[in-house]
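Please find one structure pasted underneath; my questions will follow.
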Amino acid sequence: MSDPILRFDGVTVRRGDFLLDHISFSVENQEMFAIIGRTGAGKTLLLEAAAGFYRPEAGSVLYRGSPVLDVPLYRRNIGYLYQEYCLFPHMTAEENIGYPLRMRHEDKQAVKENVRDIAFRFGVDGVLSQYPGTLSGGEQQRVALARALLMHPPLLLLDEPFSALDPVTKKRMYRMIQKVRKTYACAVLFVTHDFEEARLLADHIGVMIGGRLKGVVTPTHLFDHNWDEETHAFLGSTCANGGNDDDA
Amino acid sequence: MKGRRPDTFVTICMLLMGIAVVSIGSNVLVVVLQGAKSLFRSVSQSETRFAIGLSVGSACVSTLVCFLLAVPTAYVLTRSSFPGRSAIEGVLELTMTLPNIVLGLSLLIIFASPFGKVLKKTGFAVVFNPRGVVIAQLVVNLPFAIKHASAAFRVLSVKLEHVAGLLGASPFRQFTSVLLPLSKNSLISAVILIWSRALGEFGATMMLVGVTRMKTETLPASIYLNVSVNDLDGALSSAFILLMISAISFLVADWLTRRGGKRSRYE
Amino acid sequence: MPLTIPVMIGRLVMAAFIAFAQGTKEEEIAKTGNLQGKSLFIYCGAGMQKPFQKIVEAFQTRTGCDVNVTYANAAQIQTQITQTKEGAFFIAGSAEEVKPVSNFVVNSIDLVKHIPVLAVAQGNPKRIGGIKDLGSGDIVTVIGDPQSTPIGKIAKKAFSDYGVADKVNLGATTTTAPQLATLIGLGEADAAIVWKENCDAKDVEICDTKDLDRYVKVVPAAQLDFNSDAEAVQAFSDFLASSTVHDIWASFGYVLVQ
């Protein structure tokens, strides 16, 4: 039995007003894992801790079996998509996507070919010469995804990837993420405040309230699990319209 | 929509701007009008030409060294955390409030000490030497350069560099491919600002290198000499030359910061 | 095209940097002269630039000796002398200015008289006749700082000797004498006590009075006790007593010491 691709062991991180309180869970290889919680519950902090941006006060984050902080940032090969995409504004879409290869000193021709290839797959080959500032939200996200996936990372971290999209684009992106997981054989950990989304896409769902992970379940058992009162209230468990919180 | 009343707040701001323009512009006018009179006489003296050369040359060198020190310092101050960082930041800002003449005195003491004499023997004389002009400018400007560079870096979210790191960029590559290009315009402005300050620096320079014609005489020093003998026209024509050099440098900065393709939807 | 301008600027900066590190070449001086290759460093009060520069140039041409003169106010020169312990001569505005560095002085030659005068606006519109007139309320007087400038000390003494010390309407005190003449020229003051050579300015004239005759000082050339070239020092001392130098002083309106 191989190590899970990502494991949180009693991780506590404090950053300004945000807190992760003794978080423990694991993500298996090629698994799709969703963390749901309110906006501002520290979900971004969890992803940042998973990527090893911050040293936990307590506990440890293990990536591929060893502490993520043991490997320098630029060698970890983890894909990360911030909510605001964080595309480099001074580079074109092509330069953004090709960035990982350029950092590894690949020759220009190889970079160009790889970039065109992946851009085509994500449907952004038509905007390669444009700067991020002139792209639509959906285009920016796909460029950011292509950039994150260029080096075939075993783990992809997505921060509220679908919340800013219109319903039609959202559906398209759901299909794209599922395809990505298959094509790139990577595990995906994403955070969201949309329960339906989590149930639709994930193999496992973790519920986070007040910096604590209340539990991890499969989508079918999201509402009928033996949660405490707080979590039931959050999930609106027996709510007719499927549990879409109005404070989301 | 004819005859729309102009907004009060905007009007007040424009009035205040008018005061600012007059405050600065009136002095520019004085220098230009009075200085133009004996400009030709000034420039035809080899002493003035030497002073121009020394001023511009020393400003270039001191600004270059200044930023070679300030940029890495600002990088560490804004991107790393280590014990005593606030203390170091505090120390770096301390000399900003000191009058330049005091810095000059302090430098004089340092370079006239046994340490300074040893340096002199190895060929690196500073006191009463043109090199001292560069050092005086450097020491006076360094805290400001660090502050400007830090401000330029602080404004940029560190997320971009984290992302770059995850994409395979070492800290050095993060710096050169993300941080520097994005702070380019702020840094260029800071360089021009510091260069102008170096050009006009006088108090510290005078203490450390004195005023020796054709050797350590910068344009500000030449103004001092002129004022000392009541040659006000001569002083103002040197000031005029300084203004012209400044104006050219601003044009250069403007040209440098203007380049770049269409970056946003509304350009 | 866009690349060549930064390259040019870069080259200029590099050239300046190399000059900084290696040191610039000294000026070529007259190849003739027996003090070829020697050098002297001299401190001189900023107010005496014009005549002293000519004196130094004459010396350089005649002997080939390289003379570096730095001009500043007295306080600064005293600091530089005390800190660096370098230099051959200090040409001061008066003997008092040499006192703080007297430990370093070997001997002192008196060069010319330093004559204090009462300066007034061109045409003397307020009809000022002497120190006593400064006591009337409508005259604004400016003087040098009595603590740090000899000319200021002279002014203070003159006021008390003529009994107007508490009646003088003192507009300001300044740290350099030429500033005082500037103020008169700009109409910011009616009278000032300055050195005679400071009155070579627009819209300033010297009041015709003997009141300040008793305060005449001397400009000393103080020889400093540091490792300067003995031969050059001696040659310069001798030169200062020569008729060439006397003529130069006279041409700028200075009166020789008998």
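Descriptive notes on the structure:
By written order: A, B and C. Residues from 1 in each chain.
FYI, a residue touches a chain if its C-beta (ideal position, glycine included) is under 8 Å from a C-beta of that chain, and two chains touch if they have at least 3 such contacts.
As the structure is a prediction and not an experimental result, all values here were calculated from the model.
Relative to the centroid of all protein Cα atoms, the closest per-chain Cα centroid is that of B. This structure's chain pair with the greatest number of C-beta contacts is B-C. Remark: chain A and chain B have CA centroids separated by 45 Å (rounded to whole angstrom).
Between the Cα centres of chain A and chain C there is a gap of 76 Å.
A separation of 31 Å divides the Cα centre of chain B from that of chain C.
Interface residues of chain B facing chain A in the complex, by the touch rule stated above, are 157, 159-160, 162-171, 173, 177-178, 181-182, 260-265.
Those residues of chain B lying in contact with chain C across their complex are 57-58, 60-61, 64, 105, 108-109, 112, 123, 125, 127-131, 134, 206-207, 210-216, 224-225, 227-230, 232, 259. Listed in rising order, the residues of chain C touching chain B in the complex are 2, 12-13, 16-17, 19-20, 23-24, 27, 41, 43, 46-47, 49-50, 53, 68-72, 76, 79-80, 83-86, 176, 178-179, 181-182, 185, 198, 200-201. Chain A contributes residues 48, 51, 53, 72-80, 82, 86, 88-90, 99-100, 103-104, 131, 133-134, 147-148, 151 to its touches with chain B in the complex.
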